[in-house]
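Note that the chains are named A, B, C, D, E and F in the order they appear, and that numbering of residues resets to 1 at the start of each chain.
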Amino acid sequence: MKRLDLIFGERELDPMLEILETAQVPGYTVMKHVTGRGPERVVSEDMEFTGLGANAHVIVFCEEELIDKLRENINSILGYYGGVAYVSEATPL
Amino acid sequence: MKRLDLIFGERELDPMLEILETAQVPGYTVMKHVTGRGPERVVSEDMEFTGLGANAHVIVFCEEELIDKLRENINSILGYYGGVAYVSEATPL
Amino acid sequence: MKRLDLIFGERELDPMLEILETAQVPGYTVMKHVTGRGPERVVSEDMEFTGLGANAHVIVFCEEELIDKLRENINSILGYYGGVAYVSEATPL
Amino acid sequence: METSLILQNVLTPPVLFFFLGTIAVLVSSDLEIPAPLPKLFSLYLLLAIGFKGGVELERSGLSVPVIAVISAAIIMSLLVPIICFLVLRIKFDVFNSAAIAAAYGSISAVTFLCAESFLENQSIQFDGFMVGALALMESPAIIVGLLLVKLAGPKNRPNSKVIRFKAILHEATLNGSAYLLLGSLIIGFLTAAHNPAGIEKMQPFTGKLFYGAECFFLLDMGIVAAQRLPSLRKAGSFLIGFAIFMPLFNAFLGVFVAKALELGPGNALLFVVLCASASYLAVPAAMRMTVPEAKSSYYISTTLGLTFPFNIVVGIPLYMGLVNQMIPGAT
Amino acid sequence: METSLILQNVLTPPVLFFFLGTIAVLVSSDLEIPAPLPKLFSLYLLLAIGFKGGVELERSGLSVPVIAVISAAIIMSLLVPIICFLVLRIKFDVFNSAAIAAAYGSISAVTFLCAESFLENQSIQFDGFMVGALALMESPAIIVGLLLVKLAGPKNRPNSKVIRFKAILHEATLNGSAYLLLGSLIIGFLTAAHNPAGIEKMQPFTGKLFYGAECFFLLDMGIVAAQRLPSLRKAGSFLIGFAIFMPLFNAFLGVFVAKALELGPGNALLFVVLCASASYLAVPAAMRMTVPEAKSSYYISTTLGLTFPFNIVVGIPLYMGLVNQMIPGAT
Amino acid sequence: METSLILQNVLTPPVLFFFLGTIAVLVSSDLEIPAPLPKLFSLYLLLAIGFKGGVELERSGLSVPVIAVISAAIIMSLLVPIICFLVLRIKFDVFNSAAIAAAYGSISAVTFLCAESFLENQSIQFDGFMVGALALMESPAIIVGLLLVKLAGPKNRPNSKVIRFKAILHEATLNGSAYLLLGSLIIGFLTAAHNPAGIEKMQPFTGKLFYGAECFFLLDMGIVAAQRLPSLRKAGSFLIGFAIFMPLFNAFLGVFVAKALELGPGNALLFVVLCASASYLAVPAAMRMTVPEAKSSYYISTTLGLTFPFNIVVGIPLYMGLVNQMIPGAT
């Protein structure tokens, strides 16, 4: 099994979850109110009350072939709006 | 060393931490107010104010043998109430 | 690529981020309001309103050589104030 | 006449803010009230309702009629879930039926306070001790729900060892919202008895601020209710029908009891609303823990997505009309 | 005379709490107001401003002068971004210019309410219907900003398929803050028309509490504004100059329009403040989504880090002085 | 007489809500007030206490007696930690002794305001300028604590390079809670001097709402205090005894000083409470940073888990009885 970590702007959460749903992932976990710094922007806590929003961190545990199905759509969003996506190994307990 | 990721309903947090304590894990980290979707239920942010509660994400860094000790008890809770548990490799910095 | 997970007291967040910036990491992600237990202390949710503060969880995706550059400074903070740091494998999506 | 009552009810700030929240979801505005702000308002409202109720209870004293009303309320919270259970069994298994039934036997504090606001708006008098009934209707419904599972459910439920009766009782009486409501009621009672000046000093917080905070909270409830609509649609038409007709039926039951108790129109309405409303705080918490076999989306989407809006928008004025017709001398 | 006005303005609780927040950052105190508490105050202020504005709007009626002021305000929110865009193009590309321009065409509700507090403090009369103008100036500025990108930007923008005009319009009119402000305004209007007693009951929440909540929020705004200073310095002196001189220029424009509309001094000041203030809620949200090519730190640090403090500390009294000089009989 | 005072104190809403929170934990109800809501109330209370204190300070003026009281308070916050340190060294190492001692030299704002509520309840007059003393007792205690570590601690502390004196001073004077309290005090002072109308407008927020918000916060404090009990038990009986007898001893000290200063009974009680209370905000923050060798569970569980409840439940009425006996003409 694979673990996919997505970190990106909270405001892109809905389209991102739609991509996951369309690819029929078995489930996902969302942590909001996340901050950070990327190559482009600093996302700080006070972004939350301005219209910009903080980051979201999404974790998906799924089979490798699903990862391949997701790659293009996710990278298209991340390429446009910023954010990162990393894959690692994970074994069910 | 291993990394154990547990994601499950916030309301099962206390019994889950008890399982971890009983197995004498060296420590754990808890993130509450987590949302997501699993095979059964959608957990959304407004669950927090209703009696249902959101999810919790627990991370444990520990030796492999502890993982084996934890497996049965954790899976019994997750099997009854829902939630996921995944193990991956981790090296101390 | 590597993934670095740092968990430590929120009050050490600023010096920790300074260490990351000095080493010129490509980015980092911060989750605050995290609780947990380590070998020394229990960090509970009500710590947040007392002066003690909760924990922060910082994730850095970066090249292996950066990890080596960070090791000493990070471990010096963690050794003094407590907290954990683990490294694992991660591949960009 | 009911139409005019409904209109009068709809054009008050609490109901309008509820609509504002609902419409926000329907037009997909990104308006949101992030956690834990709804919890803040929810805790505040329980504390204020309880405190004010306790003060009134002390003033009216624990007289025979007061005890009669409260006892009748408790009996209703035992009876209503049994009726609901029988209706629900037509379509659902024991677990889901019991969980939904328990929710309808219990109460919704916000619906209750919308009814109070409605009465104030109509200048109809009511008694503060009705909050005593509110505070005591949560636990019995939960216990009935769980007994139904025990009695009607499969004998050797997998994992059922997990559920001990003590845990059930604990969850039924000591869940956060029931505990805060009852505790604040007792505090209000004690304060009224021993420290009347304290009531004066609480008044800006628990009294004056209340209406506005109610509006803010209903804005959030509107958002939450509308978000439940998709899963309500998935739940099917039987449950949708149930979520509207069952409150009406329970309201009818309530009116007869209110008449028998010779309640005035204001208290009668509150009594009816207690019967007709359904819980989305204490009961879901208890069911999630003790009957995980039940689908939580069923009991949450019916109570929060349909019964709650129905009650606060058309239910309350409708029940008022009913009370006016059934209880002589009401108008 | 302006100096004395500035001093009088600075020595009021809202401005002092703003300074307290700013200084906390400058001396690196660890004072912080954690999320989502600022959001709570932000939602509360929008709700209260809207509600009170709606009540006043109903009282004054939608007369010709009211409609004239509101129309003029909308025209300003179309005109100002175009002027700003032309100025900004000297140094910036189309994307950044359009995004910053849109922010300056739109408004800041908190600046507006600081101006109201200032007027109350000076015992200068103004009309509640000015909130109607406030509520209607956000969307046009956003639309102009996006049209500027479409017209002046590169013809085949990569990924531009992502931006559909419907989404733009949606974002412009239904973003959370604009929606809540306008919605509360409508609720205030309806309540005033149909349920006057409801206004009385809302008063402790939307009225009495307001000033204190404003102070608390400004404490946070002081922190946030000061945190923007480093990225403001990075943004360069052109943008720093822009963030101060553009509001002044827009204020001048506004005074002439206010004079033409024959507004009294109070309303004139509010009109000028609408022109001179810049958005940090609705517009950044819309720009982040539709023009991600623009650097968000540019439009956030200018509006929040410089223009906002400038306006609430020296801008408002300065504009008052301007109004007093330009509008005969003002003092 | 003290027993009746204790009973009168216990039957007020703030103390009753504190009990409600404590009992919730003892019966393991799932009542919780999620972060950052306690922070909201904590910030609010500091802001309101400071503001009101500043207003009173301006009204009373910085006269000789006022300066005398404040100076005496500062001296107590230097003296008390040294005494505590000597007592604690019987059982604990330098680090833990210094950290706990600093907490007891400093103050608890909530204990102070419970004392104010108690006095209001008893209709005993006191002066607002006592808040000035409150605001100035946090920093000295922290500095003494750290000096004790420097002087009595091991000469070559590992990593001690991390602690520079500048950082200590910074932490002592600019930590969030001390900064907000002092800042709000200055704002209150300036507002009273230059903009009296502003006080009127702040009143609903900082004045009227205060008592209710205090109750809500004490509900949370009850939960938090009870949650500390297990680690308190672990800490051992010496520390448990210390957490009760030390405040009593410090109260005695305080009464003598109050008598020497010829304070009236109200001000005397407040002075005593300042001496007897211990910090759980500013000091733990500073100690966590500068003396990480000390176990934080020691100083948090004693101050918050025992000294705080002791003071607000029995301490305050006990100290009042003491004041009544020691200060002639007090009753």
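One rule holds in what follows: a residue touches a chain if its C-beta (ideal position, glycine included) is under 8 Å from a C-beta of that chain, and two chains touch if they have at least 3 such contacts.
All values derive from a computational prediction rather than experimental measurement.
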Per Cα centroids, the chain farthest from chain C: D
Copies chain E and chain D - interface residue numbers shared by over half, same or different: different
From chain B, the most remote chain by mean C-alpha position: E
Whole-Å gap separating chain A and chain B, where each centre is the average of the chain's CA atoms: 20
Whole-Å gap between the CA centroids of chain E and chain F: 41
Distance between chain centroids, defined by C-alpha means - chain B, chain E (Å): 45
Set of chain A residues in contact with two or more other chains: 11, 31, 33, 45, 48, 88-89
Where chain E touches two or more other chains at once, by residue number: 30, 32, 34-36, 39-40, 175-176, 204, 208-209, 285
Partner chain E, residues of chain D touching it in the complex: 8, 11-13, 16-17, 20, 23-24, 27-37, 40, 120-121, 204, 208-209, 211-213, 215-216, 219
Residue ranges of chain A in contact with chain E within the complex: 9, 11, 33, 40-42, 44-46, 48-54, 76, 79-82
Partner chain F, residues of chain D touching it in the complex: 35-36, 39-40, 43-44, 47, 51, 170, 174-176, 179-180, 183-184, 187, 190-191, 194-195, 197-198, 201-202, 204-206, 208-209, 285
Touch list for chain E against partner chain A, complex: 32, 34-36, 38-39, 42, 159, 162, 175-177, 220, 223-224, 227, 231, 280-286, 288-289, 292, 295-297, 300, 304
List of chain A residues in touch with chain B within their complex: 1, 3, 26-33, 59, 61, 88-93
